[in-house]
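Structures incoming, each one as C-alpha cells.
Look at the two complexes coming up: chain A is in both, with chain B in one and chain C in the other.
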Partner chain A sequence: MTNYQVHVTIENKPGISDPEGKTILNDLVLKGTHQNVSEIKTAKMLKFSIDEKDKETAQSKVNEICDELRIYNPMVSIVKIDVFDA
Partner chain B sequence: MSLESRELEELKTKIGRDPTSTELQIVAAEWSEHCSYKSSKKHLKMLPMDGPLVINEKGYDSGVLDVGDGYVVTAHIESHNHPSAVEPYGGAATGVGGVIRDILSAGTRPIALLDGLRFGNIENDQHAKWLFKNAVTGIADYGNCLGIPTVGGEVEFDECYKNYAMVDVAAIGFGKKENLIKNHAKKGDLVVLLGGATGRDGIGGSQFASDSLETEDRSAVQIPDPFIEKLIIEAILEARNEQLIHAMKDLGGGGLSCAVSETADALDIGIEMDVDKVHTRESDMHSDEIMISESQERMLIVTDNEKLIKLQKICEKFRIECSVIGHVTFDNKMHVKKGETSIANISTDIVANATLLDLPSSKPVYLENIESTKQFPQLSDYSETMMKLLGSPNIASKIWVYGQYDHEVGIRTVTKPGHDASVLRLDNGKSLSIKIDGNPKQCYINPREGAIGCFEEACRNVVCTGAKPIGMLDHLQFGNPNDPEIFWTFLESLKGLTDFAKDFEIPCVGGKVSLYNETSDGPIKPTPVIGVIGLIDKKPLRIQKINSGDSLIMIGATKDELGGSEYSEYIHKFVGGKCPAVDFEESKKNMNSVLEIIENELIKSAHDCSKGGLAIAISELCMTNQIGCNISLEKIPGENLDSDKILFSESHSRYLITFENKNLQKLEEVLKKYNVSYSLIGEFIGNSIQFSNDSKPIIDLSVDKAQKTWFNSLREMVLRA
Partner chain C sequence: MNVGVVVFPGSNCDRDMFHVLSDVFNLNAQYCWHDKPLPDNLDAVILPGGFSYGDRLRAGVIAANSPIIQDVKKIAQKGLPILGVCNGFQILVESGLLPGVLLKNDSLNFMCEWTNLIVENNKTPFTNQFELNQKIPIPIANGEGRYYVDDETLNKLEEKNQIVFKYDQVVNGSLNQIAGVCNEDGNVVGMMPHPERAVESEINPQDNKPSTLIFESLLKKAGIEN
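Showing the complex of A and B:
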C-alpha cells in the first residue's frame, strides 16, 4: 500500500452561472489595475490522503466515495480528480 | 421537446404558414402546461375571484387585497417541484426568487415568505434526506440573504414523494395602493430587460415541468443569486416611487417568450424586440436559446424614452444591468428580430392563448372501497403509541427547519413560526395572519373532502390568531392530467374548494396548478396546498403562557374519522377509512365564536386540532408551556367513541381554548350564543400529560420526556447518516 494525495476539484458545469466568481472578478479584480483578467471561476477542492495499491485505484476509489456520498451533484457540477504521490 | 403534432398543425392553420424555428420554440414554451394552463384553465374559472377587498388589474402576477387606509397586501404561491427534485438547493432557492418577483411586479415590497415542503420517507430513504436537507438550506440561504423573513409553512413526508420534492413557496407583499403598477403602454414605449444576464441555465424549464421526471433530460438547473435579486427589489421599488414603470412582468417559466407575449397580450399591444440587445452571459448563444432561457433574477419593464434615463441611473446606482430590447407597437404582434433579420413575427393572441383542453375524467377505481373502515387491534399501551407519534416525522416539531430561517428580519413578525399561523404587523395598525396547509393523505382518500379540509384547516389556523379570513391562495398539485382518473381527482378537489370559498365568501386571490408530478412509482397523491390570508382589524391574540390551574375548553365535535390520519397510517400502516369531512354550518359557527372570544380578550391561547388528533394537539400545548394536564375523554364533545378514535381522529372544525377560570362564565355566554358544541375537558396541572376515560387512566406521559422526543426527533432523523 502506498499513500497518495488525491485532489478533487468540484466546479459548476460550463454555462451554469457562478455568482461568486463573477463577484470576485467585478468587485475585486477589475476594480484594481488588472484589466487583463476576463474570467474568474470558483471551485471547491477536497484533498484526500488515501492508502491504495496504485494511482489508478486511488483515483477510482475517491471517485466512488464522491459519487456514493453525494459530495457533489452531477446535475450541476463536474469533478476533476488528480492523484499525486504523497 | 416540442409541440405535439396536433398542436403544430393548429399553429400552422392559425398563422397560415410554416412557423420559423424561433416561433416554434416560443410557442412550445408558451403552450406548455406550465405556462398556458391548457388542461386546467377552463375549470379554474369556477373559483370565486372577486370580493369587496380584491383589486383586479390586468397583467398582475399576484393577488391584491385592499387592507384599508390606503394600503394593499399582495399574495402569490408558486412551486418549484421539478427543479428541486434534481437540484434541491438551487431549485428551492430559485423557487423563492420567482414568487418574490411576482409580488414585486405589482409594485409592492415582499415582506414575508412561507414554504410548504414534501418529501419521501426520511426515516429510511437517504435520497429523501438529501433532498430535504438541501431544499431547506436553499430556502434559508436565499430568504436570509434577501432580508425577507420566512414566517411559516409546513413539512410533510409520504412514500408517494419517493425520489421527488414538492417545494411550494408563498409570498406576501405590502405597499401603498397609490403605488400599485397600473399596467399600461403607449405606442413607442420602450421594453427593457433588467437584472441578471441571460445564460443557458434552465433552457426549456417550463416544458420540463410539463413532463414527468422519468422522461426528461435533466438539464433545467438554475443557480440562485440572492444578491442580484435584492438589488432588483430595491431598484424596482425606487423606480416605482419615481413612477418610471408603465408595466412590469417578472421572467419565470418560458423566459422572454412568455414574458413578452403575455405582457403584450394583457395590454393589448404588440412588442418588437431584438435578441442581439439582450445582455447574455455567454457570447455564442443562439437566438432561440435567448428566447426560452429561464435564467433567474430578471424583470421586463415597459417605460418611455424620457423615463429610461432615470431608470438607467437607478440601475447604475444598484449596479444591475439593463438593456433596451425593444419597443411597443400597435399591431398586436410579437416581432422578434436578430439585428435586421426577422426571426419570429406572430400574433400575441396566438402565442399567449393556447387552445384549452377539455380532458376526460373518470372516478378512480381505487376510491371504490377506500372509505370502508377497519377495526384496529386494541392498543395495549397508549402512552407508548403517543411517544411513537410524537417522534414521527410528520408530527415531530419542525424547529430544525424553521430554526434555520430568519423569521424576524423586517421586525413585522408578531407571532412567530411554531404557532398555528404567523402574524405580521402592518403599517396601518392592523395585522395580517397567514398559513398554508395541505393534507395529501386525506386528499388521496377523498379528493373533495380532503381539499376542503386543507382550506378549513388554514382558516382555523388564522382564526386562532384572531384574524378573519379575507383571501385564499390555491396550489393544485397532481400527476399526469391525461390520466382520466387523475384528472377526476383534480376536478373534485377544485369543486370542493370552490364550494367552500363561495359559502364562506373567501375569494381566491392567486394560485398555481402544477401537473405531471410523477415519480418512478407512479403519480403523487393529490396535493392541493391552500394558503389563507386573514386580517385583524384590532389586536391579534396575545398568546399567554399557561399556568397551573388554567382550564381547557374544546370547541367542535370529534367524529369517527380516522381515514388519512397519522394514527392509521403511521401506527397501523393502513391507508383508508372515513376521511374527515367539514360541516360548513358547524365550521362557520365555530370560527365566529372563536373570533369573538379572542376579540373579547377572554382566553390565553387558541390552538387548532389537526394532524395526530386531539391527543397530539393537547400534548403540544403542554410541551410548549412545560406543564402537565388532566383530560377526561368522556367529556370530549361528539359521539360516544372508542378511546383511540377520540384521541387520534383528525375531525375538522375543532379548537382548543385555554383560559383562566375566572373567564369561564363569560366564555360560556359567547359559546352558548353561537350554539356551538363545546365542553370543559380538563385542566393544566402537574408535570405529566394525563388522559383518562371514565376515571380510568389511559395515558400518562412525563412532559419532559415527551418534549424531548417531539423537539429533537426530526433533527436526529436528518442528521443520522
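Showing the complex of A and C:
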C-alpha cells in the first residue's frame, strides 16, 4: 500500500451564483490595477491522505466516498479529484 | 400528542421548540438525541434550528448522516408529520427527505430579521389552519438559507404543490422567494424561518397569531382541539 494525497475541489456548477467570487473580483481585484482578470470562482478543497495500492484506486475510492457521503451536493456543485504522491 | 424534538450536537433552538410545544400548546414534547433510536410512541417529529456540527462542510450534511435520520425516514414513509426548521430544514434536504438545497445567502451574511411569509399550500399538517396566501410575520436567522432547485425540480414542485411558503419580497436570493417546501405526500415540511420564536406575543412585536396556526394545524391533524 502506498500513501497518496488526494485533493477534492468542490465548486459551484456554471450558472449557480457565487457571490463571494464576484465580490473578490469586483471589489478587490478590479479595483486594483488588474483589469485583465475576467472571473474569479471560489471553491472548497478537502485534502485526503489515503493508503491504496495505486493512484487510480486512490482516486476512485475518494470519488466513492464523496458520492456516498454527499461530500458535495450534486445539484449545485461539481467536484474535481486530483491525486498526488505523498 | 407526543412530539419528538431531535437534538444534534450544535442544535440550539431545541429548547425554544420544546418550550413552545409543551408550555404554549400543552403537547408532550420529548428530546431525542441523534445517536439513539427514535422512541416508537411519537405522533410527530420536529428537527429544530441551530448549528449541527458547526455547519462544517455544509449546513446539515453531517447531521443528515446521523443514525436517527434512518428512523426519521421510516416514520416519514409512514406519513407522520415531520417539520424541519432552519437547520432542521437544511438536514431534511441533505438527507434527501426534501428536494433542493440551501445555499449561502446572497449577501453572504448571517441574517437575523423579521420577514413575512405567504402561505402557498394549506394542505400540509403544519398549514391546514391557514387561508391560502395568508401572511405570517416571522423571523429568520440563518447564513445558508437561499433555497435553490434546478428547473426540472422546480417544475415538479409547482406541479405537485410542494411549495409551502414564500417570502413576500426578495430576502436572501432564494429561488422564486421560496422559504419552505414539503415532500410529495405533504407530511414532511421544511421552512427556514423560526415559528417557535414567533408564537408568543411577549416576543413578537408584530402579530403572533398567524405563527400559532403552524402548531394549531398540527393539533388539528392529530384531532386535538386546543
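Descriptive notes on the structure:
Please note the rule applied: the second predicted complex is superposed on the first by the 86 of 86 C-alpha atoms of A that agree within 3 Å, B and C clash if a C-alpha of one lies under 4 Å from a C-alpha of the other, contacts with A are read in each partner's own complex, and residues count from 1 in each chain.
Everything below uses one rule, namely that contacts are C-beta pairs under 8 Å (C-beta built on N, C-alpha and C of every residue); 3 or more make two chains touch, one makes a residue touch a chain.
No experiment lies behind these values; they were computed from the predicted model shown.
By the document's definition of touching, of the two partners only chain C reaches A:Ile71; chain B does not. In the superposition on chain A, A:Ser17 makes contact with both chain B and chain C. In the superposed pair of complexes, A:Ala86 makes contact with neither chain B nor chain C. Chain A uses residues 16-17, 19, 23, 70, 73, 75-76 to touch chain B in one structure and chain C in the other.
Looking at the complex, you find that chain A touches chain B at residues 12, 15-19, 23, 70, 73, 75-76. In the complex of the two chains, the chain C residues touching chain A come out as 57-58, 61, 64-65, 94, 100-101, 103-104, 106-108, 148-150, 153, 173.
Partner chain A is touched in their complex by these residues of chain B: 86-87, 89-90, 130, 196-197, 199-201, 218, 221, 223, 225, 227-228, 281-282, 295.
Across the complex, chain C is touched by residues 16-17, 19-20, 23, 69-71, 73, 75-76 of chain A.
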